[in-house]
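Encoded as C-alpha cells, here's the structure I'll be asking about.
Chain naming follows the written order as A, B, C and D, and within any one chain the residues start at number 1.
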C-alpha cells in the first residue's frame, strides 16, 4: 500500500516538477514570478485537443502543433506584455501584475471558447496495470514519470552543456555583462519563455492524457502547487524544482493515504511553510547577496 | 489631499444614500402594481425569474436551468399567458458566486409585477431569508442542503433531500448485488452531510444489507484520484458510492477502470446529464444513479420537453434541468390558479398545496416544503441513461 | 579627547581578512578622511562602525561608550549617522518627510498618541516639523520641501541624504563617497557645504575617491590598503608619504585619469 | 402641477435605477476597499501586491468567522464580537510578521500564500467549530443598542459606511504620523530606515498587525451582510477584485483605493446591462456569453494599466503641498 501511494505521488510529482521548471527558468532570468505559466499549461493541453478535434491531426502532430503554438504564445507574452515594460524600466510589480492579467485573459478566453465543463481528452498510453511488491501500478504512471524525467534531463543538458544554455546562464548571472559580450539578451529571454511554455505544454498534455480529460480550470491547482514546488526546492535552481515537485507530489498522496483528501492543501503548504522557516531560500536555493 | 478625500466621501455618501432610498421605494411601487393586477384588460407582463450560474465553474447547471425555464415560459406564452397577460422571464447570472446571487436577489425583490424565482445555485443558502422577508416564492431545483427550506416559508425545494437521495443510491447498490461500500464524498456541505446521513441510515437498518469498508473525503475539482483509488482497492470495496458532482465522478471512474475494472459505481442525481455521458464515454458504462427523470420515457410531456431542449441546446436535459423545468411549471401554475388575483400569499399557498404532475413525476410538497421524490435506479448503457 | 576611537578592529569574511587590526580616531570637530584603493576595506569599516557588520576582534568607542557589536539603532541613538555610497533616499516620500524620518528617534510619542491626536502628538509633531524645516532651510533645500525625493537633481539628493542624517541629532556624520558621480562644480559646492557643517560643530568622517575633495577638506587622513592602515597624517604629510605614493598614489596617471573621467 | 408630479416620478425612477446599480456593489466595494486600503501598509518585503491581498483575505476570513461564530452560537454582543474578531485577526497578523521576518521577496510571497491555504484548510477541516463547508446559517443582524440593523432597513448599509469612514480616517491618522512615516520608510528602503534608527522589525509587525486588524474588521461585516458564510466564501476571486481595485485606483494611495472601488464595483452590474442590450442585437452581432467577458476585461485593465499608467488613475505623487502642523514657520536663514 505504501509503495503504491509512493508511486502515485511520484507520478504526479514529476508533473509538478515539469511545471515548476518553467517557473524556475523565467524566475532565474528575470527575477519574476510568471503567473501566466499555469494558463500556458492549460493552453498547451487545449492546443493538443484543438489539433486532434478540429484540425484532425494525428496525435503526435497535434502535440507538435501544441508545442509550437504554445511556445509561440509564451514568446508573445514576453514580447507584447513584458518586453515593453522592461524597455520602460517599469517595476517588477508591474510585470507581475501584467502576468496575472494576461493569465486571466488567456483562461477566460479558453472559457468562452470551450466552456468551463470537462472535455474528454485522447488517451495516449493506457496499457493496463502490473504488480510490483504487492502494489498495483498503472503503466500510465510509469510512462508519465519516465517522459517527464527524460524531458527534465534533456532540459538540464541543454542548459548546462550547449552554447545557448551557456548564454542563458550568463544572462541569469548578469544581463548587462552578457549584453556587452555580444549576447542578444532579449533573444535569450524569448527563448527562455519558449522553453518554459513548451515544457508547460508537455506537462499539460501529459496530465490531460493521464486524467483523460481537460478543462479551463485545470491549471489553477497544478500551477499553484508547481509554484510552491519551485520555491520549496529553491526557485531558480533546476534540480531544486525537481526535488520540490517530487516532495509535494509524495506528500499529497501520503496525505490522502493517512489523513484524507481534504488535507491535501494543508499538508503541502504546511510543509512549505516549515521548510522556509528553517531554510529561507528553499532546499537547494542560495541566498542572493544584497549590497549595502 | 484632504479636501479631495472629503469630496470623494461626499460623493460616495450621496450615491449610496440614493441607493438606500431606491431600496426603500421599490417595495411600495410593487404594492401599487399588484393592486391593479386584477384588471383583465391589463397587458403588463407577469414577471418571473430564473437565477443560476451562467458563467464560472458551475455554469452548465445555470445554463440548463435557464434553457429549461425558457421552454416552460414559452409554452405558457404560446397558450396565451396567464389570464391574457404575457409572462416575462428574467434571467440572471449568479457567476458561481454567493455575493452575486445575493445582489441578484436584492435586485429581484425591487422588481414590479414580480412573482417568483426558480433556482439559485451558489447562493441558495444566502438568499432564502431575503425572499421570505419580501414574500417572494423561491423554488430550488438543485439545493440539497439540510437548512435550505428552514430559511423561511417562501423556500420550496423540488430536489430530493439528502436522505431520500442516499436511500435511492443504496437501493442502486442493492439492486446490483454489490454491497461492500466504499464511500467517496466531496468535502463540501452536500458530500459531508450525505456521508453522515448514510452512516445513520445504515445504523438504523442494522447494517444487514450493506457494509461500509472505506470512506474517502476528496477535495473535488482536478485532484489526482489515484491515491483514493489505491485506498479503496486495498479496502476491498465492491461499490463506490459517489457523493460528489459529475466532474469528480467522471475522472474518478476513468481512473478506477484501470485499477479496479469490476468496481460498481453509484452516483447521485446530478450525474444524470449529457456531459457525464459524453466525457465518460465507454468508461462510465454501467454507472448507476437514482433519478426522478428519464429522458427515454414515452410520456408525451417528457418527449415535448426533451425534443424542445435538444432543439435549443443540442443536449439531452439533465435530471436537475428537468427539475428546474418542473419548478417553473409549479410556479406558473400557482400564479395562474389564483386567476388574476395576484396576491403573493395566495400564490405561496397554491405552491404549498399543488399537485402538479411534471416530467419528474409528482411535485407536491411536504409540510417542510420539500418535494416528495420517487427514484428509479438508472444505469448507463450504450451511452444512454436507461432504467435498470 | 577622541569622539570616535577604533582599537584594532578586524573583520573576516570566511578566509578573507577584509579589515585587519585597524586603529584610528576622530576628534571632536574634525573632518577625517579614509582613503585607499578599491577593495581596501573602507566601506567595510563604515559598516562595522554603524553596526551592519559584526566585529570579529577589537573595539569601537564612541563618546565614551563601547558601540562595537551593538545594533544599528543603538548606534544611531548614540549619535552616529551615515549616508550611502549609492544614494538611498526614501524615493516615494517628500523631501520634508525624508528629513522627518530622520527625526524619528527624537520624536517622542507612541502609536496611540498618533491615533487619537493627543496634545503630546501635536507638540512633538510640531517640533519635528519645525526641526526638519530648519535643517532644510539651513542647507538651502527650503524651496524643495514639497518635492518628492526621486525628482531632485543628483547633487541635491546627496545633500538631502546628509540633511536626513543630521536630523537624527547625530554628533558624528559618516559620509560614504559623497562626491561620487558629481561634476567639478557640484563637488565644489559639496566641499563648501561640508565645511559649513564643520563650522556648525559637526564631526565628519569621510570615505572619498575624489582627491581634490579629500586634500582640500580633511584635517587628517588615514590611508588603507588590503585592510591595513598604511599611513596617517595631514593632507600634506600624506601627499609626500612614500608608502602612500607606492600603494595608492604610485601610479599618478591613474589619478589624472580619474579626474578626467569625472 | 401635473408636470411637477411627472418630474417627481421620473426622479423616483432615476433614484431607483441608480440605487439598483450602485447599492450592492458599493457595499461589496466598501468591504473590498478596507481590504485594499491596508495593502498600503504592508512593507515592501511582501513584494507582491497579489499575495498581500491573499493574506488580507485570510485575515478577513479570521475576522468574519470569529465574529459570526460568537454572535450566532454564543449570543455575544455584536460590538464585543467585532472587537474580538478584529483583534484576533491582528494577532494572526503579528504572528505572520514574526514568522516571515527572516525571509525575503518571493519567499515571503509563498509563505503568505501558504498561510492563506492553511487558514482556509483549517476553516474547512475544523468543522466542529467552524461548521466547515456546511457553513454558518442564519447569522443574526447586528444589534446596536437595541436597534436591529438589517439589509431591509438599510442599517447594515450605514454600518458599512461607518466602518469605511472609520478605516479611511484611521489610515489618514496613522499615515500622517511618525508611525506611518516609519512604515513607509521601511517599505521604501529597509536598510536606510534602519540607519535612521528605525526598528524595522517593530514596524513590520505593526504594519502587519494593522493591516490584519482592519481586514479582520471588514470581515466582521461580511457575515451579517450575507447572512451565511462557509469555507468557500473566502476565495481567490475576492483577491482578484481587490487587486483590480487597487491597480485601477492607484497602488499605495488611499484615494486611489476609493476611486477604484467606485469604478470597479458596479462593473458586473454594467455588464449585466450589456447582456440585456446584446440580446436585442441581430444574431451576427452577438458575442457568446457576454458576462464571461467581465473577467477578460479585468485582465485587460491590469495589463493596460501596467503598460501605460502603472501608478493607477490617481496614484503617483501628490501635487498638493505637504500639510504642516499649526505653528510651524519657515524662517529664511541666509
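The rule is simple: a residue touches a chain if its C-beta (ideal position, glycine included) is under 8 Å from a C-beta of that chain, and two chains touch if they have at least 3 such contacts.
Here the structure is a predicted model, which means the values were calculated and not measured.
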item: Far-end chain from chain D, centres as C-alpha averages; value: C
item: Core chain by centroid distance, with centroids computed from Cα atoms only; value: D
item: Distance between chain centroids, defined by C-alpha means - chain A, chain C (Å); value: 48
item: Separation of mean Cα positions, chain C and chain B [Å, integer]; value: 72
item: Between chain D and chain C, distance of the C-alpha-averaged centres to the nearest whole Å; value: 42
item: Between chain B and chain A, distance of the C-alpha-averaged centres to the nearest whole Å; value: 37
item: For chain A, residues that touch 2 or more chains besides their own; value: 111, 262, 265, 292
item: Sequence positions of chain C contacting 2 or more other chains; value: 52, 84
item: Set of chain D residues in contact with two or more other chains; value: 124-125, 191, 289, 292
item: Contact set on chain B toward chain D in their complex; value: 1-2, 4-5, 8-9, 11-13, 15-16, 18-26, 29, 54-55, 92-93, 95, 97-100, 102-103, 106-107, 110, 125-126, 129-130, 133, 145-147, 150-151, 187-189, 191-193
item: Chain A - residues contacting chain B, complex; value: 1, 4-5, 8-9, 11-12, 111, 115-120, 126, 128-129, 135-136, 138, 140-141, 211-213, 215, 217-218, 220-222, 252-253, 256-257, 260-262, 264-265
item: Contact set on chain D toward chain C in their complex; value: 170, 173-174, 177-182, 184-185, 188-189, 191-199, 206, 252, 317, 321-322, 324-333
item: Chain D residues within the chain A interface of the complex; value: 47-50, 99, 102-104, 106-107, 109-111, 113-115, 117-118, 120-122, 124-125, 191, 240, 243, 247, 251, 288-289, 292-293, 295-296, 298-303, 305-307, 310
item: In the complex, chain B residues that touch chain A; value: 55-60, 187, 216-219, 221-224, 226-228, 230-231, 233-234, 247, 250-251, 254-255, 258-259, 275, 278-281, 283
